[in-house]
Every structure is written in structure tokens, then in C-alpha cells.
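The structure's right below; bear with me while I get my questions together.
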Amino acid sequence: MKVRTIYDFLNEVSPFEYQEEWDNSGLNVGDYNQEVKKIYLSLDIDESVIEKVEDNSLIITHHPLIFRGIKRVVPNSFSTKFLIKLIRKNVSLIAMHTNFDKTHLNNYFATKVLGLSGVAEDFVFYSDVFMSFDELVNLVKDKMNLEKIKVVKTKDFIEKVAITTGAGMSLLSGIKADCFLTGDIKYHEAMDAKARGISLIDIGHYDSEKYFTDVLYKAIDGEIGFDVEIIKINSQNPFSLI
Amino acid sequence: MKVRTIYDFLNEVSPFEYQEEWDNSGLNVGDYNQEVKKIYLSLDIDESVIEKVEDNSLIITHHPLIFRGIKRVVPNSFSTKFLIKLIRKNVSLIAMHTNFDKTHLNNYFATKVLGLSGVAEDFVFYSDVFMSFDELVNLVKDKMNLEKIKVVKTKDFIEKVAITTGAGMSLLSGIKADCFLTGDIKYHEAMDAKARGISLIDIGHYDSEKYFTDVLYKAIDGEIGFDVEIIKINSQNPFSLI
Amino acid sequence: MKVRTIYDFLNEVSPFEYQEEWDNSGLNVGDYNQEVKKIYLSLDIDESVIEKVEDNSLIITHHPLIFRGIKRVVPNSFSTKFLIKLIRKNVSLIAMHTNFDKTHLNNYFATKVLGLSGVAEDFVFYSDVFMSFDELVNLVKDKMNLEKIKVVKTKDFIEKVAITTGAGMSLLSGIKADCFLTGDIKYHEAMDAKARGISLIDIGHYDSEKYFTDVLYKAIDGEIGFDVEIIKINSQNPFSLI
Amino acid sequence: MKVRTIYDFLNEVSPFEYQEEWDNSGLNVGDYNQEVKKIYLSLDIDESVIEKVEDNSLIITHHPLIFRGIKRVVPNSFSTKFLIKLIRKNVSLIAMHTNFDKTHLNNYFATKVLGLSGVAEDFVFYSDVFMSFDELVNLVKDKMNLEKIKVVKTKDFIEKVAITTGAGMSLLSGIKADCFLTGDIKYHEAMDAKARGISLIDIGHYDSEKYFTDVLYKAIDGEIGFDVEIIKINSQNPFSLI
Amino acid sequence: MKVRTIYDFLNEVSPFEYQEEWDNSGLNVGDYNQEVKKIYLSLDIDESVIEKVEDNSLIITHHPLIFRGIKRVVPNSFSTKFLIKLIRKNVSLIAMHTNFDKTHLNNYFATKVLGLSGVAEDFVFYSDVFMSFDELVNLVKDKMNLEKIKVVKTKDFIEKVAITTGAGMSLLSGIKADCFLTGDIKYHEAMDAKARGISLIDIGHYDSEKYFTDVLYKAIDGEIGFDVEIIKINSQNPFSLI
Amino acid sequence: MKVRTIYDFLNEVSPFEYQEEWDNSGLNVGDYNQEVKKIYLSLDIDESVIEKVEDNSLIITHHPLIFRGIKRVVPNSFSTKFLIKLIRKNVSLIAMHTNFDKTHLNNYFATKVLGLSGVAEDFVFYSDVFMSFDELVNLVKDKMNLEKIKVVKTKDFIEKVAITTGAGMSLLSGIKADCFLTGDIKYHEAMDAKARGISLIDIGHYDSEKYFTDVLYKAIDGEIGFDVEIIKINSQNPFSLI
């Protein structure tokens, strides 16, 4: 199957034109005319992923490999190092990032992982929870299977939560909820939320988005055609808490 | 003592012109001609700080209260909420941020808190440590009195560390060390460091900078004059790990 | 009555979304949730206005208090000096500027003050006057009750006048009339108009907009509800001609 | 004498490289190789100037004819209308604007017209006057021969005045004086000065700069060479106060 | 006939609002109110054109005389030199550039000069030619009456050609054809096309657009009215191949 | 020998910091730590060059492979197509572009190829030739071994020529000579030069820079060390004149 055919299929599943202006979803590396027999799914590229992926295949990641324009391809950064490795293995890479957040990933995390119901607005899922902050934290830890979680507590009781997988703190000024669940929360952002009276639960960038492979697998397996094999691998969380 | 006199004294301790272009160190709120009898020192402004500070006094913080230009002073953000409270209490605020990082804070953290020796380049302190990554992590946890710490481990043995208090990951591409100690590390930054083979130890934005009050106290107490009282208070870490 | 309720009412009288991109109409200082019993109307803020306004009230001005983003709240400029005073008195300020020019003020000045009839295009009111330039000047002086007026005379007879209250000279290249009545005319603008053959009558920024309080009073008195008192005060013209 | 020769002479009198970045001093229209026998001096170009100037001559003005880049030469603006007339008369135009303000004009106005002594900083002349505001106003009216003058009075007694001919209000935040004398003062600028406690006396753009022809005449007459005639004409003030 | 009347007629033939944002089509020099009896048509202005054009007439060119804003009208560049000459002869100039490319010129060149059939997309005419590259080159040389032509040959057989008169290489990345015919091809653009496998035939900027006068003549002669004479002159190709 | 060692040697021959701001000279692709035994020299990359270059070697070109930041590495452009091929062959690429123009190439072309003497200013070589334009054209054709050459003739006799290899027409307004020799001359540039009275001889981008390999070879052969072999290959001129 040609990469072009798969790209067109993915474009129906989650249109690439839904991506944000700053995003770089779509074919990052490779060739639309390449014939592939294996499609790998992973949140990201890392060494373990590169090792597992067979030559002449396609990998679909959540995060683009390239964000900013590259002027020197020297293996001294994330983008250039793995760009070189993919090219040598003749592996094409398609990223489904902010388009997929909007159409699939955020909703899946809120409803299937956390088991909440509610409505989505662009990148934010809202749910009326009516429970104590401590209960909410326990629910999240339980559903995400986490031992420890970083929080900013400003209220004892939460009526409504807002949820954005990945790194959502740039959306804070528009959040209309008592508590915001997102990842990659920085100190000044936490101070700002606390001043606004909005509690925070840091669900982790990796931990809240690692479901990408499952969600995409379900959306395309059995639909994309018989002559390609779809394999879920996953990149590893770079962080460990020790 | 006039705020102007104190400002001029602080300018000798750590010249405000050393601040970065994007920074807003200096008098953020208040009046150079105000007479004050009490000077409070704190990493930041929060509710607990506002409560402790007496009317008609001066507070010196590490972080500016205002970063971006304000067009509406409505109490719905960190900057505007505490701006209103300071004005009502007639409290002036001077920030000593990136100038103080360069002249005092980063060096203090590396040498006095961690007990390392080395040299500083702008915002980065370099030290030849020659120890295993695990030993280094234990040393940091011990000296900073932390139970858990977030790390990215890419090497077993560390020859040289780089240290930047606060949030230093934007400096990554210029770091010349095996391991970088800084705070507020985001997921993509961790992936990039891992690809570059640089280990990371997240020393926390608050935890690495809470020493501001001690360092500034030592630099000015007994020097600034007899007619003002200097009081160390400190804002609280918005995060808790539960 | 809550500031929010009054804001929503004003938004129906003259929608804030009609304001120009560079404008800062709307709530400049205060709190949407504040309860107020008195509403003051004034063209602008000045010392006399600050003295007259009671604590815990709302003031509605034509000109925004803040135009450009503020990074230091030190009482050394118009915006910061009165910002501090309003915050200390707990007075909210709503500005109705370019939206109100378009919906009310310019039309009122042309028809009720000058007694002309015609049509409005955005910020410009056009009227076919068919009179000599000298007659027109006398009419304006008489209706505005001015002893002396600054003019640029390029023609003896005026068929059509254009009128923009406040400072309208940036609109010159689009003016389709023999004579333009506006305020704050600078020398190079006068030279440009003269070269284009367009006469000018400087109606004064303050003098042409001081009717703001009357116009707004009429638009809201008796309509906004029984539990607030509306008081017309007015800032003073900073200029005197001696 | 060639225009080039005259240009080089003027460049020694007041170097063109002293001009501000936004300025367009220098040869605006004409030809460095043109031979001229008559040099006219005028503050600006207007119809009366165009009539008086002989063909094939040179005119030196204070204000540039062109400020912003022209894309259509249609006679519907100050710049394009007189550009066409100058080209048809084969008259070259050299502007000596902000360079001449700094080297000659502002100092002349302060010392020779007003009779004050003091020091100049870039565009601002400072003088310790120690007199009442009313005395100062009378002195200015007397020396400038004005019947009426527009003022903003914030103090009864003036220790130090700042003086900038032309339109200087953009310099307000850096003015270190009790009273600022400049022209083209707009309403919001007056409100700002009043809030800062700085009095203003509007000396008029034209009225404060009409001395340009005299000052330049003195600087070049008898020096530039025997084979050109220097003629002072002057453009007219577009404003009249009636 | 007034220039305004002719402008309005041309605007119906090829609406000026179709021009690209960077273009400067329309009245470049002159006066909408000028009365003219003769209209000259030429690709461009040059010395030979200036000599032929009678005073007080109108010239319609393909290329604007002014592209970038002019701040000094000194006869040292193409734009300023001929601007001065046109003003002295009182000749108005209207440019019909990218609007006319889209509505007339490119289509005429492809169908009438080269004798091809196809469809146009904005600035590009596509034609299915199904011939060898060498045959195509001979056809072009024959139809354009050229002895030598500069080419980049990447394929022996051409299915589809794209054609853009003038300088079209900035459109390369969007070209969907085996061979692109355009003018002003630079070396790096040729290297890029070669790498993409797209052959090029350099039809010359002048040689592909010199038909402007014929095309415009046909479009307006007999239509514009009886009281003006339309005269085809043409500027000369600045290049010669020797 | 490591790429780093060769880079440092080249940096002494022609310092990379001399490059223009928009340029991308230096290591474009590869690894400073790569060990290479063969160094290839070529004006540019093309298919023929890729075929000749051995795996695991270094190529030094005049033109950078990458000019603008790349966000998608899909083989549909010059930069991306050859980037992929170089990575697969493990060939590093160093570009010596505007730095080498200034230190070597332009001077070599003027003195060694054309046999002229003179002085260089940045990118321009000036020579007093005192010969007829036709003689000059014949000299150029003879020395460069060209059958036909594209010229713009504005004068019969040339006193001084200016020479810039590659594409130099953006420098036109600063050229102080009767005739400018450079490549890639576009139509509007030719019209501008003609209006300025400056003759042009189009020496071709490729034809004037193909000497890069010879010049660099001479500068480094025998100097760089014994353990690398230096091989001159050259990319082909994409154009042919048929």
C-alpha cells in the first residue's frame, strides 16, 4: 500500500486541515509514493522505537518530528538525530497531532480513561463532577494508575473540571471550571491558576497522551485494508520519579 | 528611608541593567518617594504574603509581579489581583530577577546548597563532579531535602553538571555538560535532552529559588542602614505532590 | 446593581465590539461583580473628577484610562496615577470610546450642537451646507459658544462639510468634502489639507466631545433601572487660551 | 554652482547623518549635477513659495517634502502636488530637518528669540528661569509677538523650563522640568502632562520654527561662494485664529 | 476624454482589484481629471517610448513604473528617471499588470502565440501536449521566432506543459506538469526544477510579454470611444545576445 | 581525519563568520565527529555528483544545500532530495559560500580568468579597463570560452567595470562603474541598469562560479594533511542554449 493511500485514509479519520497554524502534522519525513507493508503506531520517536521499526515501513506518531524549520542536519537534537535514522531506514513518518487531539484523543482520555461524561470545546473537555477535590484526585490516580500526582489545590469542592491532554496551560485564561487537568504545568502558570482560584491536577504530558496508539489503532484497524499490518509500539516516558 | 534610596542600594548589590531584555526587574508597583520602615523579602507574591505585609512598606521579590503589559486591571489574573492588593495597602514592590540570578542566586544554590565548586557562565554554573548519576541524584535529594525527584537518565556516570535555578531548559542547546539540573522541565524538552544524551534532574522552580530571601537578606542586612527593618517571609510552593 | 449588569446594558446601547482594533473600550479597572449605587459620567478622568466620585462607585468615561499595556504602576503618568487612585477608592471604570463615537457622539454633535442635517459614514458626518466659509465659521463659533477658533481657509464657499469629533485628521485622505471640522489638528496635517484644497475648522478635542456626558445620560437615564443614581460630572479642559 | 557643491557645504554646516532614523533630510527632489544660480530658503513648500521660486534653482526647506515612500504620483496630497510642481520648474529641494534642529534651530529659538540661557540635550533646551508661570507666559508672548497663547497651567512658579521647537510632545516622559514649551500639543498629551504636574506653553509649530530661514541665512551667507544668490522667502502659516 | 473615464473602461476590461497584493497596477503618475486625445500602449517605459509619446497624453503599460515607495526623486533609477520625464511631458501612466496577466495576457500567449489549447489556473496555463521535449522546443522557437533558447532538459517526452509569461519561477512548487515555460529563470531555480524532474524552457520575460500591446489594443480599440486615438508603440528588449 | 579538523582548517582559509546574515555556510549535513578519507570539491550538488561521491566521505560545495528552514523532508525539492541521498551515503557537506566569495572566488575570476587588475570592495571587484564595450565583450567571451553572451549596451566606451560572480544584481544601486559583469540578470534589473546608464554583461551564475573547485583545491591541497585525498568533481550547468 502506498503512503499516499494511507495518508488519504488518515485524512478522513481526522482531517489534517484541523491542525493548529503552528503545528506540523502530516508527512514529516519520507515519500508519498513509498510502498509499505507495516504501519507502526507510537506517541513519539525515541531510540527504542527506532530499533523496533523495520526498514521500508511507515510510522504514525502523535507529535511531529519537526516543529521548527531545520537549517543544519547535524545529529545534535531530537529532530535531526531521528530524522537521519528514519531516512537511513527508509521509514516514512506521518504525525497526527492537534487535528487528532480535537477529533479523538482528548475525548477518549476524558470518557474512556477517566470515565467522565461531558462536552468538548476545541481542545477542552468539560465535565460536571460535583465531588471533593480529594475524591477527584483519587479518581484520577486510580484511573491513570499513578502513585503520586502533582496538584494545586484552591478549593475543597469541585463542580466542574476542564481537561486537556498534553500541555494545555496556555489555555488557562479561557478555562471556565473549578479545576483544570492537564500536563507540563510550570511554576508561574501554577501561581496564576492559584490566584484565579482554579485548582490544577498535573496529569502528565506522556501519561495523558500515551493512549494515542490505542485510540488510533481502534480507529483504523480493519478499515485501512488487508495488505498492511498495523503494529502498536510506544515510545517511553523520558521522566522517572525516583 | 525612601524607596529610591533602597532601590539605589539594591542597584549596587546587583545592577538592574544586568537583567535580560524580556525581564521586568526594578520598581513594578509603588513610588520612589515613598517612606518605608519595613522591607519584606519573598520569592513571590501570594495570598499569605499579602496578609503578612504591613501597609506602607516595601516588598522585594525575585519574580516581577508584571511580565506583560496590562491593559485591563480586573482581578482575574495573578498580576492584576495582587497589583490591586498592593496598591490598596500602599506597598511598593521591587523585583530583582535575572540580574540577581546572575550575580547571586545561581551561584549560591550551586555552592552553598549543593556544596559544589565550579565556574559560572551567565545563567549556568558548571561543576566537574565525577560521580555516578545515582550518587548525584542522592546528593541533590539530600542537600535539597527532597523525597522524590523527577529525572531523565541517559548516562550512568556524570563528569560535569550544569546548573540553572528556576526554569532553564531554553538554554539546552548551549549546555556543555553530561547532566543539567534545572526546574520546570517540559516533556518535549526532556525528549530533546534525551536525544542529545544529556541527563536531567528537575530541581523544581520553587525549590531551587526559595533561597532568594536568605541570599538577599545576607547581602543587605546590616548594610542598608539602621532605620529600616528587614523581614524574611516567603511565598508558598503552589504545588504539592500527593 | 452589579457592574456586570450595567456593562451588559451599555453593550446594548452601544456595542463594545464596534470599537476600533487599537481602542481599549470596556471595563478598564475594577470588578464585574462589584455592587454599585452611583454611576458617574465624565469625558475623562482628572483630579477634579477623582475628588467628586464617591468610593465604591462606577465611572463611565469616553476615553479609556489605559491605552498601551502598562508594565510599571508608578504614579508618573496619566494612566498610572489615576489607576492607583481609582483602585484605592474602589471605583470601577468603563470606557465607551470609538463604539460610542460611531453610534451616538458624532451624530449628536453634528445635528444637536451644530444643528446640521446629513448622513454618517463610520466616524464622519457629512452635511451639504451651501454657505460661505465665513458664515460657517460664525455658525460653529455661535453654536459652540467659542470666542476664537483656529481655521485653515482654502475656499470662500463651502458646499459640503465633513465632521469628526475628537481627533480626526488621520482620516483626511478619505474625506470627500470642501471643509473638515475636527480637533487636535497638527501643522503638517494642516499643510496637507491646504494642499488638497480642503478647508479646516479646529473644533477642539475637548470642546467637541464634552457633550459625552449629556448624550450618554439621555441614552441611559430612566432605562438602566431604579436602584442606581446617575450623576453627570465632567473633567476639565486642560488647555486655556490666554 | 552645482547642487552637489551646495549639499557638501550644508553637510559641513549641519551634518545630514545627525538626522533621526525616521527623517528624510537631504536631497528630496532634483539632481546633484544641476547648476543653480539662486538658492531660496523657506520653512516649507506651499503655493506662495512655488510662485516665487524661479525655474532651475534650488530651495532649502526645514521640513522634507517627502516623509513616507510614494507609490502613486497623483496631485492629491501635499507631497505629490508640490513634487510635480518642483519637477516641472526644474527646482531641486534639499531638506535640513532634525539635523538642523539639533545643531542650530532649537538653540537659536531659546537664546535669541526668547533670550534665555541654558544647556541643550539632543532636541531639548533646558533653562533655569525662576519666575512665575504668568510672567513666563508674558515673556513668551512678548518675545514671540503673540496675542493669545494656549497653555496648561499646573504650577504657579517655574524653576526650570524645557524647550523644543516644532512638535515635541513625544519627548514628554523624558522631560525634567516644571514647564515644557513646544508646539502641536494634542489633548491627550496635555492631559498626560497635567497628570505629571508639568505645565505646557504651546509655542506653535510654525511660530517656533519660522526662524529657520534667518538662522540658515546667517550660517551660509557670505560663506557658500560668490556665484549664487541666497534669497529668504518663507511659506505661510496655514492656520489663522479668527 | 478624461483619464478617469479611460481608467473606468479599463477596469471593466480587466478589473484592477484582481492584481496581486505586492503589485502597483492602476494610475501610477498623472491626474484622473486630465483630458487626453492620444493613448499609447507599451510593455514598458524606456527612452524610445518617452521620445515617441506626445505631451498631454496617456500611456498604458504592462509593468508599473513604481514598485516600491519612493523617498527621493533623483534621476538615478528606472522609476525616478522616467517619473520625472513623464511629469515634465504631462503624460499620465496607467499600469495593467497582474490583473491583465490573469484575464488576458497569459491565455493569449499560450493559445494565440504558441497555438496550444488547455486551461488556466490563476497565473498558469496548462496544456496536454504529448510530444518530445525537442519537438516542443522547436515549436516554441518557431512560434516565437527565436534562434536560440535556454532550456533545462530532464525528460525526453512531455505530457503536460505549464506556461506563465514574464517571471514565473516563484510558482515552481505548485506546478503540476513535466515542463514549465516561463522567463527570467535563475540558476538556483533551474537546479531546483532539475531536482524535481521538471524541464524548463526560458521563453524570456520581454519576449513572452511583448504581445501586451497587441492584446490590449484588440480589447479596447473601437470600444473605448471615438474621441481618442490609440497608438501601439513598444519599449525595446534591453538584452541582446551577441 | 575528522570533519571537525577539516572544518577548522577551512575556517582559517576563509572564515565562516564572514558570511552574510542570510547565508547558511558551514556544516549543512553530517557530523563533526565523522572520520573521512576523501574530500570532494564541487560548485553544487546534483545527480552526477551524488553518483561520483563515495560513501562516508565529505563534500565541500560553494552553495549551501539548505537555504531556508525545512519542515518536511519529502524528496520533492532540490534541498530535500539531495539531503536524503547524502544522509543515506553518510556524506557530510560543508558549504563555503559568501565567505569564500569575499576572500577568494570573485578576485580569482577577475584576475585569473579575465586577466584584469583592480581592487575589491566586499562582493565587487573594480577594474579600470579603458576599452570599447565591444572589445570588452570579446575579451570576456574569449577568456570564458563562450560562444554567445547576453548583454545590455548603454555606452560605446567603458572606463571602469565592476565584477561580481554569481548573482549580483541586488548590488546595482551601489555600483560605481560604467559596466557591471554578473550573472542571473532579470528583465527589470536590466531595465533599471539601462535607465542608470550602466551596461551589463551576463557572465552566467554557473559559468562565473565553476572555478570554485580549482580555487579551493589550490588553497587547501598539500596544506590540509596527508591522510585525506582531495578530488575535484563538479556539478553540471543545468542550462543549455539550443
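Descriptive notes on the structure:
Order of writing sets the chain letters: A, B, C, D, E and F. Residues in each chain are counted from 1.
In this text, contacts are C-beta pairs under 8 Å (C-beta built on N, C-alpha and C of every residue); 3 or more make two chains touch, one makes a residue touch a chain.
These figures come from a predicted structure and were not determined experimentally.
Shared contact partners of subunit D and subunit F comprise E.
Shared contact partners of subunit E and subunit F, listed by label: none present. Minimum number of contact steps separating subunit A from subunit F: 1. Averaged Cα coordinates give subunit B a centre that lies 51 Å from the centre of subunit F. Rounded to whole angstrom units, the spacing between the C-alpha centres of subunit D and subunit E is 46. Taken residue by residue, subunit E touches two or more other chains at no position, since every residue touches fewer. If each chain is drawn as a node and touching chains are joined, the picture is one closed loop, every chain linked to exactly two others. Moving round the ring of chains, first from subunit A across to subunit B, one meets them in the order A, B, C, D, E, F. Contacts from subunit C toward subunit D in the complex involve residues 44, 46, 63, 76-78, 81-82, 137, 148-153, 166-167, 173, 183-188, 190-196, 202, 204-206, 238-242. By the touch criterion given at the top, residues 24, 26-32, 66, 68-75, 83-84, 87-88 of subunit B touch subunit C in their complex.
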